Each structure stands twice: as C-alpha cells, then as structure tokens.
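Chain naming follows the written order as A, B and C, and within any one chain the residues start at number 1.
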Amino acid sequence: MARAVTTRHKITATTAAWVVAFLIFFPILYTILTSFKTEAEAIAGVSLIPSGTFENYVEVQSQRDYFKPFANSVIISVGSTLIALLIGIPAAWSMAFSPTRRTKDVLMWMLSTKMMPAVGVLVPMYLLFRDTGLLDTTSGLTMVLTLINLPIVIWMLYTYFREIPGEILEAARMDGASLFNEIVYVLTPMAVPGIASTMLLNIILAWNEAFWTIRLSAANAAPLTAFIASFSSPQGLFWAKLSAASTLAIAPILIMGWFSQKQLVRGLTFGAVK
Amino acid sequence: MATRQTRALARIMIAPSVILLLIWMIVPLAMTLYFSFQNYNLLNPTNVSFAGLFNYKYFYTDPAFFQSIWNTLLLVGGVLLITVVGGILLALLLDQPIFGQGIVRILVISPFFVMPPVAALVWKNMLMHPGYGVFADIARFFGFQPVDWFAQYPLFSIVLIVAWQWLPFATLILLTALQSLDIEQREAAEMDGANFLNRFWYLTLPHLARAITVVILIQTIFLLAVYAEILVTTNGGPGYASTNLAFLIYRTALLGFDVGGASAGGVIAVILANFVAIFLMRAVGRNLDR
Amino acid sequence: MGSITLNKVNKSFGATMVIPEIDLQIDDGEFVVFVGPSGCGKSTLLRLIAGLEDTSSGHITIDGRDVTAEAPAKRGLAMVFQSYALYPHMSVYNNIAFPLKMAGEDKGVIDKKVRDAARILNLTDYLERRPSQLSGGQRQRVAIGRAIVRQPKAFLFDEPLSNLDAALRGTMRLEISELHHQLATTMIYVTHDQVEAMTMADKIVVLNAGRIEQVGSPMDLYRSPRNLFVAGFIGSPRMNFVGGDTAKKLGADTIGVRPEHIEISRTSGEWPGTIGVTEHLGSDTFLHVHSDVAGTITARTSGEFDLHHGEHVFLTPNRGRIHRFDAEGAAIN
C-alpha cells in the first residue's frame, strides 16, 4: 500500500469510524432525545425522533429538589478543586523548581495514595464523619474530594511546571526580579494554561465521583451523583423527566471533557505514556 | 537550579500536601485495621470486644466472600479484555485518515465523562429494560424474546456498562501511543516488504506494549473499586451474583452494620490493590527517571 | 568599570569537583572568550560569575567589590542565554523593558532606553511582536537588547550562536563584535567553537576539565600553545602530532605542525606518503596523507593543486613552525 491514501480507503475508514462512533455514543444520544419526548412517547418504543417538547426540562428546573443536588455538585467540585490548587500549586512548584534526591519518591508516594481503594476505609470514614458532624455536609464532601484528587492535581501541575524552561526564570533573576516578581511576572503567566488544564480535569473527576459522594451524603448535601442514584428503579412514567435530569447532570462535564482529552492522558496515566 | 535561598522555602511549600496526605493515608487505614480485630456491630454499639482473627475467619468462610472475589476477578478481567482489545481496534481505526476526525473522537470519548449513576441508569432502563428498552425492541423486531439482562446475566450486564465507560480511556491512551510511533519506522518497514498485518504484529504491537501495560494497570486500580454501577442496577443481586468485593464490604458495613467484618474485608481489599499498585508504580517510576 | 577577578574559585556538585581552583583576571572592556570541549566547565564558570550558581569556595570581585555572596541581580551583570530565554507571554518591547521595570525606573526613562536599544539592534519594527513570531536571529537580538538596557558592567554570553544555522552564525558573530566596539563594555563569551573564539576575542581562556590550560590573545595561542591540549584545540583543521623516532630526532616526545605549515611536493621532501582522502574546499585543498614515517598527516595546499587519491607525494614541515612537546605534553622551548 503506497503512502498515497486512496479515496476509497478514506471512505471505508470514515464509514467504519462513524458507525462505531454512533454506536458508542448511542446511549447518550438516546437519553438526550428522550428528554425531549413526552412520558408516553418515552415508553412507546424506540424512536429517534422526539416530539421536541421542553416540558421535562421545565419541570426539572422548577422542582427545587433538582436544583439542590445540582448546586451541591457545583459547590463540591469547584470547592475541592480550588482547595486542591491552593495546596497543590506550592507543592508542585517546589518539587519542580527545587528538586531534591527525594522529590521523585515523594511524588510516587503521593500517587500511591490515590490507589488505595475507597471501600477499604469506608467504615472509619463513615464513623468519623458521623461523630464529627461532617456527615451529609458539603464541607465534608469537599474535604474528601480534595484529598482523593490532590495527588493528581500535584502531579499534573508538576509536569506543567517542569515544562517551563528554567533559563527563562534565571533570565528573570538576572534581570533583577525578586522571587516575588519572578513568580508574579514570569512564572504565573507561563503556568496559567497548565493550571487551567489541571482545574478542568479536576472538576470533571470531582463531579463524577460516585462513591464518597453517595455514601457520605443524605438529603442535605447529596450532589447529582447521589440524587440520580436514588432513582435506581424509576417507573417508566418518569423516564422522560429522568432523561432530562440526566442530560442536565452530564451536559457540563461532557462538554468540558471534549476539551480535555490531552489533559486526561497526562493526568491519569501518571506520565507512564507519552 | 536550587540555590540556598529557595531550598528552605521549598520545604515549607510542600509541607501541607505531605501532611494532609499522610494523615489521609494513615488514620483511616489504621482505624480499619483496628476495627478488623474488633467485634463491633452498629446495632449494638456499646458491646465492643476484641475478636482476634474472628472477622477474617468469618469472611474467609463466608461463601459470599469467595463469590465476591470471583466476581471481582470476572468483572476486572472482562472489562480489561473488552477495553484493551476494543481500544486497540478503535485506536487503529481512529488513526486512519477520516473525514470529521475531531467529531468522531468526541463521540468516542464521551462515555468516560458520564457519571456512573447516569450511565448505569441509562443502560438499565433505556437499553436493557426487558419492557421498554432498545435491546428488547430490537429483539422483538427480529422475533426473539427480549432478554432480562439484569436477572439472567447480572454480572455480564455490569461488565458491559463499565466497559462502555472505560473504552474511551483505553482508546485515547492507545491512540496517543500509536501516534507516537515514528512514521519513518513505518516507512522503513514498508520498504522492507511488510504488509499491514506484519507491521501490526512486529512493529505496532511491541510499541504499544508499554501503553497497554499502563492501561491495564491503571484500569485495574479503578476497576477493583466499581461500586455505583452495581448499586444503581442490581444492588449486588440476584443473591450475590453481581456483588464484587467492594460492594460486599459496603453491604456488610452499612446494610449489615458489621463494622468489624467490613473492616476485615477492607484490609483484604487494600492488600489486593497494593499488589497491583506495586507494578504500576514501577512503570511510573521508570518514566519519571527520564 | 567592568573588571572582574576570580580568586581561587572552586565549584563542586556534591562529590564531583567540576572546577578545581581557578584564578583569572578580566580587564575592563575586554572581550574574553571561555572555550573548551563539552563538559570542561566553561558554562559553569560563567554562571558562577553571574551568580546563578554559588561558589564552593573562593572569591569573585567586580570592580574591586567582593560579590561572592551577592544575588545575580545585585552584581550589575547581564546575561544572554543559549536559548535566548525570552519571556514568551510578553512583547518584544516588554521583554526589553523588563529589567528596567524590575529596577523601578520611570516609564518615560524606560521608553527611551528601550527604543534606543531597539534602534541599535534594528528591532524598532518588531517591538509589538511576541517572541514566537520572530526568527532565530531576531530573538537573539531581543535577548541582547534586554541585556543592553541594563547598562551592565559586563555582558555574559552563554553559547549564544549554537542554535543558529551556519550563515546566520557568521552574520551574528560580526554584529556582536561590532557591538563590542560600540559599547566598549567587558564581554565574557562562552563557546565550544574555536572559530568564534579566534575571531571575536581579545583574550581567550582555554578550559579543560575545569582547569585553565592557557590564557592569551588568539595569536598567542596560535603561535605559542603551552601544551598538547591547547595546540590541538586551536586551529582548524587540527595540528598534526607525530611521535616516535621522528619526534626524537628533533629532541621531543611529540612534535606538532599545522597543516598550513607543510610543503607538498611530488618529487622530493622529508616524509614520503600516499594520498588518502582529499577535501576540496575551493579556496583550499586538504590532503590526508598516509606516511610510514609520520602517520596520517593533514596538509593544506591552495585550491588549484591537482592531486588525487592514491598518488605519491612528499611532505616537508616548515622547520620554524614545528612545536615540540615533552612526555607530559608541555611545550618545550
């Protein structure tokens, strides 16, 4: 087969790819379509053409008991991300720019804490939270999410910081910049894209976390994960509405995810794949 | 790059992270270990006594325990099989010249970003439901009886759902690795007379070996902890047919209120995960040396 | 202004002693080149002077003031890095203005100085561009501009031309030398390229494994190399070295003679041999001659000489231009 790509090859590949992509995306597509159907339509049979009604969304929006989990998801995802960045940026900074012989070991140890199975510490965490009043609070959930994602945050920031050429920081030093100036005028602007990418990935991971957010929450602090999980056996009567709720629950993260493919590879393979 | 001035500051900056993660690591695990040697049931919280290895023995002799271990292995193995093989095939496909590459990629990676409860619900009610589901409709169209997936094949159904969610991850990683294959190597192989299959077997697959290993290791870590999908669909049933170790521990703790037993299970789960983690850290460590 | 002294400066990284002990004097206004093979410590030495690395022991004085413990910014030096190290998120204007901004200068003063530097370096049209939109040579000039505005006591250049292609390197070499004449400021220049060293320097410091082999003007080093290392490092193509009996006959363990100091004849001469590879550069031709008496010798002749692979020739070294070295490699005189 010569390097020249035949059109026929391209068309075959394109067809195959689109078919496979459609099949993979189908469940999501179908959910979105169903959210625009009436309840009667939803159980009537497979149909790719909804009647285009917004009544489900209207109903979901108007119900206060949807708004609360949504708000909780936002609070704990964004909150845990911000705290993780607050703690993680200095740590990654120091490991990237003042590495010692132990830096690599510390980094690996941090990553290893992510590998501990959550269920292994379910019992003490549940009891601790219960006895300290953290059970079913957004602060409690935020704390846990911060801790489980901190290793990834530090790891990603570390890789981004390392990509900043050391010579540029030295140039700043030669140019008379104090440490503070060096950070404010040179390091931070160059680090912002990396920090933004890390933030994106972390919000995604926190939003989708479906163990601690379910087990350590109840009516008050339940985020969308717990809320949706509580509908594990809906009657078909609610299906269109549930589709609307699901679509709303996954839409923001889906869109964020489309923009974070590269970050995903970087953040979740711990650098073992380039 | 470090001068005297920055070294002391560096240590202060890393301290909060290290301290927090240290506490997060040690305290809950220590408590789990402690509880695993106690008779402690939440229904009778004042009656706590030392139990020695009783909890471990109980777990070990509980038929549900072995079933859950077996289910865990099946679950992890099944998902790995589907995602690695599927991932390689998809990566090869997406590496071809395609019209609308960007959109295809977006569609293919989407399942990974759907939160597990939603994924489980959608599959359970929209696709696999024997009454209203898409699969049922397709079966009826061809004149077959619809399959009641979660009653007849509970674990398999869960494998499908989880595999659907993780296929994008494997595909993305393998595609990234595939695209790092030097195009000149490919051309040299062509000049040496290798056809597509030859090139795949002798060139592509060895190159992907590293990435495949990483995918397997990382996915295993996460797959050992599958929980929400089971909770939302079968609740571990029928019986213990779709209960994995994680779910069993949850049931023991919060449905059976058996703190001691659940803690013993937790210790076992941690040991299992550590086993895999050792291999993963070696792969990561090698890369950090570069 | 701009005289620098190194007094018993020593640098170790952990257990490895990169620079054993160096004494060096650089006078105000000199163009000094640190030259040597990779890993000889020339960049380390430059960074010690800059303050980007701390000395393990010894003192560095600038204009009589001991700066050994001082931070880079306080030493009044400016550095041009090999990779230019421009701030990618700032325009050319802001890159050049940055050091002045750090010094807290007034906006009007900054503007004047930046525009002056831009004029000298032909950057006026590019002031609003980002570094990514510039060519290699332009980036180089921005880096120099950033150094100039500080009006430093001395400029430090760390292999600034390595990343440029050959043609551009030639042009920039001239520009930097021209700049030196214009500003009359001390310049310390690090390179592994002995051509750059020879063409640009007032004084060359040849380094090997952290030690100074020789300090002198280009022609000093060319005419009177103190040892085998310097003799073999300076001059391109390399000096020919011959040992054995041929050397003993002339009273040395090794003798050296440069390719340009050898007479070639088809008919007669001291060392008979067969021509191997011939390199025709147009202006010169270099012959690699295999001789039993003296090993493989490179000899230079002017371009028009018609000699081919396999022919027999005779080589005669110019007596007055033979360098003699003893068993330790030191020059005998």
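Quick notes
Definition applied: contacts are C-beta pairs under 8 Å (C-beta built on N, C-alpha and C of every residue); 3 or more make two chains touch, one makes a residue touch a chain.
Computed from a prediction, not measured in an experiment: that's the story for all the values here.
With centres taken as mean C-alpha coordinates, the chain found closest to the middle of all protein C-alpha atoms is A. Looking at which two chains touch through the most C-beta pairs, you get A-B. Computed centre separation for the pair subunit A/subunit C is 53 angstrom, with centres defined by C-alpha atoms. For the pair subunit B and subunit C, the distance between mean C-alpha positions equals 58 Å. The centroid of the Cα atoms in subunit A and the matching centroid in subunit B are 16 Å apart. Of all residues in subunit B, those that touch two or more other chains are 5.
Across the assembly, subunit A contributes 170 as residues in contact with two or more other chains. Within subunit C, the positions touching two or more other chains are listed as 52, 71. Those residues of subunit A that touch subunit C in the complex are listed here as 165, 167-168, 170-178, 181, 185-186, 189-190. Taken together, the subunit B residues at the contact with subunit A in this complex read 1-2, 5-7, 9-11, 13-14, 16-18, 20-21, 24-25, 27-29, 31-32, 35, 90, 93-94, 96-100, 103-127, 131-132, 134, 137-138, 164, 167-169, 172-173, 176-177, 180, 187, 190, 195-196, 210-211, 214, 218, 221, 224-225, 227-228, 231-233, 235, 245-246, 249-250, 253-254, 259, 262-263, 266-267, 269-270, 272-274, 276-277, 280-281, 283-289. Those residues of subunit A whose C-beta lies close enough to touch subunit B in the complex are 1, 3, 5, 9-10, 13-14, 16-18, 20-22, 24-25, 27-28, 30-31, 34, 42-43, 45-46, 87-88, 90-91, 93-95, 97-100, 104, 106-113, 115-128, 147, 150-151, 154, 166, 169-170, 179, 204, 207-208, 210-211, 214-215, 224-226, 228-229, 231-232, 234, 236, 239, 242-243, 246, 249-250, 253-254, 256-258, 261, 264-265, 268-274.
Residues of subunit C touching subunit A in their complex: 50, 52, 71-73, 77-79, 81-83, 85-89, 98-99, 102-103, 146, 150.
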